[in-house]
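Consider the two complexes below, in which subunit A is the common component and subunit B and subunit C are the respective partners.
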Partner chain A sequence: MSTAPETPAGAPGADAGEMSYVYAVGREGPALDGLAARLAGVDGRPLRPVAGGGLCALVSPVPADAFSERGLAAQMEDLDRLEAVARAHHAVVDAAFAETSVLPMRLATVYLDDARVAAMLVGQRDQFQELLGRLEGHVELGVKVYADPRAAATAPAEPAAATSSGAGAGRAYLRRRQAQQRDSQDVYQAASDLAARAAHLAEGVASSRAVHRPQQGQLAARAGVNVTNEAYLVPRDHAARLHRELAALADGAPGVAIEVTGPWAPYSFATAVVAEGADGGGPR
Partner chain B sequence: MSTDLVGGVLGESEPRSGPPVALIDLLDRLLNGGAVLTGDLVLSIADVDLVHINLRAVIRSITGEEPGPW
Partner chain C sequence: MSDSLAGRLPASPRGAAPGYGQQGGSANLADILERVLDKGIVIAGDIQINLLDIELLTIKLRLLVASVDKAKEMGIDWWEHDPSLSSRARPAQQAGAGAPPDAAIGSAQGAGAGSGDEALAEENERLRAELARLRSAAALPGSAAAEAAPAAPEEER
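So, the complex of A and B:
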């Protein structure tokens, strides 16, 4: 943990060697001021509140060279560094979200200085207020469904034929292969059914749904194949019950699994592009 | 009003219940989610040229070829 000297309160982040990393935006007030006073951001640097237009951004200084386009690309070469930045970002968002409504920013949202952050808040206050109002009182739950034919295959199968003659063994082999393929199809069908039941259950409670790509690749450590990866925006008071009910849907079903994550800050529902001026590009 | 659900309330002595957040679940949200600002912004992850990044396989598996609006 870094013990960088405290930035004097209210100091503008105008140091030419530093830029302003924005974690989240909420309504101006003691909640965010208090959070900023006791939380640290990327690399343990102190947070500060930057106010504008009745809103407040949680900001920390980051080195300008490391967060230039080239610098950021270099940092992202390194999975450990990507993880460190991502976890620092999330720690701030999660702590703020536990206390007050905030709109999380995408990873590595960086401005030249605090004055530009404040100007952005003033200029975009209506869009921020609308988004904050829509997300108020809601949390995000993640719901992933998995198929794992190999797990299903460990379930008792029909006993192998006792025949030891050549032709009998060949037929037994074919029967086993067909049974395996049938099992695999059955497992994917069961996963699809499970996903449908999960969606039905969640949509009875959720006010919005977002679809992520199924997880794959080296970071997808869980056994089985991820067949759906979705997020639901759920009223906070219903989230614990929905979490339990979703998690129980796969109980006792061989070869399929459901994983429920959260409650999260509503990352997946904060994606509206907050455009500045008329030149704002469309969604990227 | 019940507050036990929130669970993330910072107390050092009161860690959030449940398993730690998996990096891939976090990256789903931090690379695809979160508000995207435009205008006088210096940079966001969306602007980084991934072509030269060794991690592009990891990141593309999460964001796809074109990070897209849903």
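So, the complex of A and C:
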């Protein structure tokens, strides 16, 4: 496998030790050519534009061993490595999206070489053009609503170990639980109301809506319980205003929060599964 | 995100809406992963992991990002075992603030025993018995009732 500096932009990735990782697809033209010239992909490898069918894919070389099926599986099992690849992928998509309409590819979309990428573009031309047209001028906003009963609790929760002995400790525990119960009931109701108001507000502007799973687990770094996690496809011109209005919805409400993220490239609305024709007529 | 919100929840503040192209370094990993792994165009690339294994991976990833079940396994389950949030406490919750104190006590006891917190369960058992005695004595003396009832927020301080 070669670690030599990469081939010039537009040249096929002919190196047998490398494959072609596709980040995003847009319309062929100076915008993507210019982006490719100054962006880096996974592991800092230079991007290159690969054209086909009037479309252009942003591609970087990746080591064939690390991005083979086995290599990828191993990489993806390693959260640190997964994070590095995911952030590099997203950084390219995000930078490209800032300048022109692109379709983000699923993570780890890898072809044997640039010729295979070009063949894929030709084969998928109609579908990609249609999607690009539909998503043109739109951005994605993420909207998450949180309930945090603990933040709203009238009594701070104490470790159970603190209830050492005696009836007083037990009563104190029960009083705390009672208060927490009342508070959390209110907070979840408030979060539900907040989510409904957010959806109502967003749907007045958005042209499409996607529902993600609420985030929980060790990566859900935020305090509280994520009760809704949605994405809206919004005309670019309205995104900043909607972002502001959504973020302000939770003002003054204790124990609930709304987090608005984006603008994102329209990941959640570029979800077409491109089927067998992806071979573009070429041999496997 | 508004200032007041940022002050209320101790989460990493995201600040004002970022401009286009500025999310690459700052976006939350969970937000990125749910998009790059779950969304975006799926093409049958030459490396087939993105057809089959990514599906498996996504499931695995949900163990980190989005799985209630896994969260429980990992012990991030306070809402489950918390008697004030458990299903056993639901009737009391639905009854509102005027819920009879014994319903909530029962739920607390049940959850305490279920989570193996025996000392707490005993404690609750004693209180329950005491409360039952008091209630059966017909006239609820103010002190005992007030201590067990969900009223009087100033007592929480």
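In the analysis below, the second predicted complex is superposed on the first by the 244 of 284 C-alpha atoms of A that agree within 3 Å, B and C clash if a C-alpha of one lies under 4 Å from a C-alpha of the other, contacts with A are read in each partner's own complex, and residues count from 1 in each chain.
Keep in mind that, in the parts below, a contact is a pair of C-beta atoms (placed from the backbone, for glycine too) under 8 Å apart; a residue touches a chain by one contact, two chains touch by 3 or more.
What you are looking at is a predicted structure, and each value in this text was computed from that prediction instead of being measured.
A.B. asks: Will subunit C clash with subunit B on subunit A after the two structures are superposed, or do they fit?
C.D. replies: Subunit B/subunit C on subunit A - steric clash.
A.B. asks: Counting only touches as set out at the top, which of subunit B and subunit C does A:R175 meet: first, second, both, neither?
C.D. replies: A:R175 contacts subunit C only, not subunit B.
A.B. asks: Touching A:A119 in the superposition: subunit B (first), subunit C (second), both, neither?
C.D. replies: first
A.B. asks: Is A:V211 touching the first partner subunit B, the second partner subunit C, both, or neither of them?
C.D. replies: first
A.B. asks: Give one of first, second, both or neither to describe whether A:D80 is in contact with subunit B, with subunit C, with both, or with none.
C.D. replies: neither
A.B. asks: Tell me which partner A:S184 touches in the superposition: subunit B (first), subunit C (second), both or neither.
C.D. replies: second
A.B. asks: Tell me which of subunit B and subunit C touches more residues of subunit A.
C.D. replies: C
A.B. asks: Touch check for A:D237: first (subunit B), second (subunit C), both, or neither?
C.D. replies: Once the two structures are laid over each other on A, A:D237 reaches subunit B alone.
A.B. asks: In the superposed model, only one of 5-13, 41-49 or 77-85 in subunit C has C-alpha atoms clashing with subunit B. Which one?
C.D. replies: Comparing the options 5-13, 41-49 or 77-85, the clashing one for subunit C against subunit B is 41-49.
A.B. asks: What residues on subunit A does subunit C touch that subunit B touches too?
C.D. replies: 19, 22, 25, 67-69, 72-73, 76-77, 79, 82-83, 86-87, 89-90, 94-95, 97-99, 103-112, 116, 120, 124, 131, 139, 142, 210, 212-213, 215-221, 229, 239-240, 261, 263-264, 267-268, 270-276, 279, 284
A.B. asks: Note which residues of subunit B are touching subunit A in the complex, please.
C.D. replies: Those residues of subunit B that touch subunit A are 1-2, 4-10, 16, 21-49, 52-55, 57-59, 61-64, 67-70.
A.B. asks: Which part of subunit C faces subunit A closely enough to touch in the complex?
C.D. replies: 1-2, 4-5, 8-12, 14, 17, 19-25, 27-50, 53-54, 57, 60-68, 70-71, 74, 76, 79, 82-85, 89, 92-93, 97, 101, 104-105, 108, 117, 119-120, 123-124, 126-127, 130, 147-150, 153, 155-157
A.B. asks: Going by the contact rule at the top, pick out the subunit A residues touching subunit B in the complex.
C.D. replies: On the subunit A side, the touching residues are 19, 22, 25, 67-69, 72-73, 76-79, 82-83, 86-87, 89-90, 94-95, 97-99, 103-112, 116, 119-120, 123-124, 131, 139-140, 142, 210-213, 215-221, 229, 231, 236-237, 239-240, 261, 263-264, 267-277, 279-281, 283-284.
A.B. asks: Per the contact definition, I'd like the list of subunit A residues that touch subunit C in the complex.
C.D. replies: These residues of subunit A touch subunit C: 19, 22, 25, 67-69, 72-73, 76-77, 79, 82-83, 86-87, 89-91, 93-95, 97-99, 103-112, 116, 120, 124, 128, 131, 139, 142, 146, 148-149, 151, 154-155, 160, 163, 165, 167, 169-171, 173-182, 184-185, 210, 212-225, 229, 239-240, 243-244, 247-248, 250-252, 254, 257-264, 267-268, 270-276, 278-279, 284.
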